[in-house]
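Look for subunit A in each of the two complexes below; its partner is subunit B in the first and subunit C in the second.
The block that comes next holds the complex of A and B.
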């Protein structure tokens, strides 16, 4: 996980405290709920410039920091592929 | 704000008209009585705002039907009740049930932000109105949680209507029943509406209501002892509510909305008939 992603995610986890965020960090246990997850989705779209595809809008994606990071990376890779194809 | 304590009431599956009726139902008649609010699973859209069909019934009709289902009768019914008259009602009764515009309710995240007819209970406190509201929802402006607040009477909204509620004799638990229209016209109306942000804003509210109603109906059937295999179906409704909200916010930003939203709505509405089919029920 890169620092921009961690910086974006941390404010949505009120129970994180001073602990480090790892890929295994369970977002619900750290204070994520359904409404915060939607707000986070839009923070990702606005802050990282990627839209998660419909099939990734589910509880599995938002289960851990690592699963969410994986979805973001896939979306970033897909967007890069689209840009190269259009060029 | 202080927490309101009627732990038997399942606030997360009730809408804003039902939830405070539920408090009275369980306090007067015992834990679980409120679940009878879910006896009738209905999908009967009527013309609504923005030229779109709605499943949201008029609040007074909704309150009256709900009262019947839980064995209560509205008394001392009044319309357009300003705060001074609401105070007079509250000083003459243990509690008053009222509906007003959420925009004017300082105890809710909707205050100053969103207009919707919203139910609450009010009593007379020495320092003002004692408002009790068990509404339980994650709103776009933060959580609304069950609680009690003391509000100066001059800050109370004018109620669209207000009443007291009395128990009726000879109550019998209602038999579960379904009244489900074909969903095609409803889904088509939301698919074809030219103002996409408006359609998706309405659909967010509609799916929220539809989802809570299905959870409530399932809870009532299980309360009566039926083993209902509805959990996967209900999770589908939960996901749809989230997808509708995401679609609304994406449309407001001019971004593509999830393509699965309306087909999934059609699928879930169709599946309701099978999942909730009433089979050999005994009350």
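The block that comes next holds the complex of A and C.
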């Protein structure tokens, strides 16, 4: 996980405390509820400039920091591919 | 520029709505606004995809509130704030319905609240099932504005079991599709709003009636209900200021002793206390408008909704009392009080939005909470 993603995700995890965020960190256990998850989705779309595809909109994607990071990476790769195709 | 500046600049000009009778229904009002090309003007660049222009929305709502009842104003506010921006993220039928709606030809209802689960949207039972290129919709929606007058409804349904926010999807349903049934709600309040219940019994549509993508139902709702909460806050400003003006006028004419009621210090102070609450809500609305309109700030929207509900309740309570028996006239503040209770219920109860405020307080800089 890169630092911008960690910086974006951390404020949505009130129970994280001083512990490091790892790919195995379970978001629900760290205080992520539906309302926060929706705001996080907005933050990903607005802050990272990617839109998660419909097939990644499920509870598995939002289960851990690592699963969400993987979906964000897939969306970023797809967006980059689109940009190259358009160029 | 202030969100209210355009409204005040337009206050002295003649409104094209002035020719419509005061009891015009919400649906007829929608048709008239479309014919006057005033619906698209509520959005930035006349494009619902770009979100509302708060100053233009405030100007329109002030004009409508001044001339028509709560029910008709409600019937215009919900589609403007929520339905049309939602439709703007669709394709095919959504695109056609959006165009017809902007022209005033079609009223669109927002059908989110289920029969049994109310404002707990994650518990709703209305189901959409996919079968290749077809979808099937089953369920019942209660207390839906424009239910009996709409040409189409945006229906929030679940495509998977469970409460996760990605399990919900919007479906655009033509009101005349086989299996759709609308019936009016049993209430004397909200005349002109077309409020009622919608039942969907095996409604079959093409998959292109899905709006905004599968799994984006609750996130899209959160983004656009924020705009509806902003619209409610703007409407509350207009409503409170109108009732305060009417009350001051009444107090200035009502004889008492050798003068009028307005001469009594205690009465003026009570009125001024309500004015203070109204101004506080207006200032809060002004400070948070851009956060909601431009950044989908759900916490700011929750704060505005809570403020609107509490302010309207207080101002109408004071003004209704100050107007005495005169306050019981048809359309007077006593009737308005009952209708305006919707500010604390419709689109999320005050308890729901206060809970959002508590949840988001640390993100909003309130520090560490328990």
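Methods note: the second predicted complex is superposed on the first by the 87 of 87 C-alpha atoms of A that agree within 3 Å, B and C clash if a C-alpha of one lies under 4 Å from a C-alpha of the other, contacts with A are read in each partner's own complex, and residues count from 1 in each chain.
Simple rule for what comes next: a contact is a pair of C-beta atoms (placed from the backbone, for glycine too) under 8 Å apart; a residue touches a chain by one contact, two chains touch by 3 or more.
Given the structure is predicted, the values throughout are model-derived calculations rather than measurements.
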item: Fit or clash - subunit C, subunit B, common subunit A; value: clash
item: Subunit B versus subunit C as contact partner of A:14, first or second or both or neither; value: second
item: Partner chain in contact with A:62 - subunit B first, subunit C second, else both or neither; value: second
item: Touched partner set for A:48, first subunit B, second subunit C, both or neither; value: neither
item: Subunit B versus subunit C as contact partner of A:35, first or second or both or neither; value: both
item: Which of subunit B and subunit C A:6 touches, first, second, both or neither; value: neither
item: Which of subunit B and subunit C A:70 touches, first, second, both or neither; value: neither
item: More subunit A residues in contact - subunit B or subunit C; value: C
item: Segment of subunit C intruding into subunit B (one of 114-122, 240-248 or 276-284); value: 114-122
item: Touching both subunit C and subunit B, counted on subunit A across the two superposed complexes; value: 33-35, 37-38, 41-42, 54, 57-58
item: In the complex with subunit A, residue positions of subunit C that touch it; value: 122, 160, 162-167, 213-216, 218-219, 222-223, 295-296, 298-299, 356, 359-360, 362-363, 369
item: Residues of subunit B that touch subunit A when the two form their complex; value: 138-140, 143, 239, 242-243, 245-246, 249-250, 253, 255-256, 258-260
item: In the complex, subunit A residues that touch subunit B; value: 33-35, 37-38, 41-42, 45, 51, 54, 57-58
item: Subunit C partner contacts - residues on subunit A that touch it in the complex; value: 11-12, 14, 33-39, 41-42, 46, 54, 57-59, 61-62
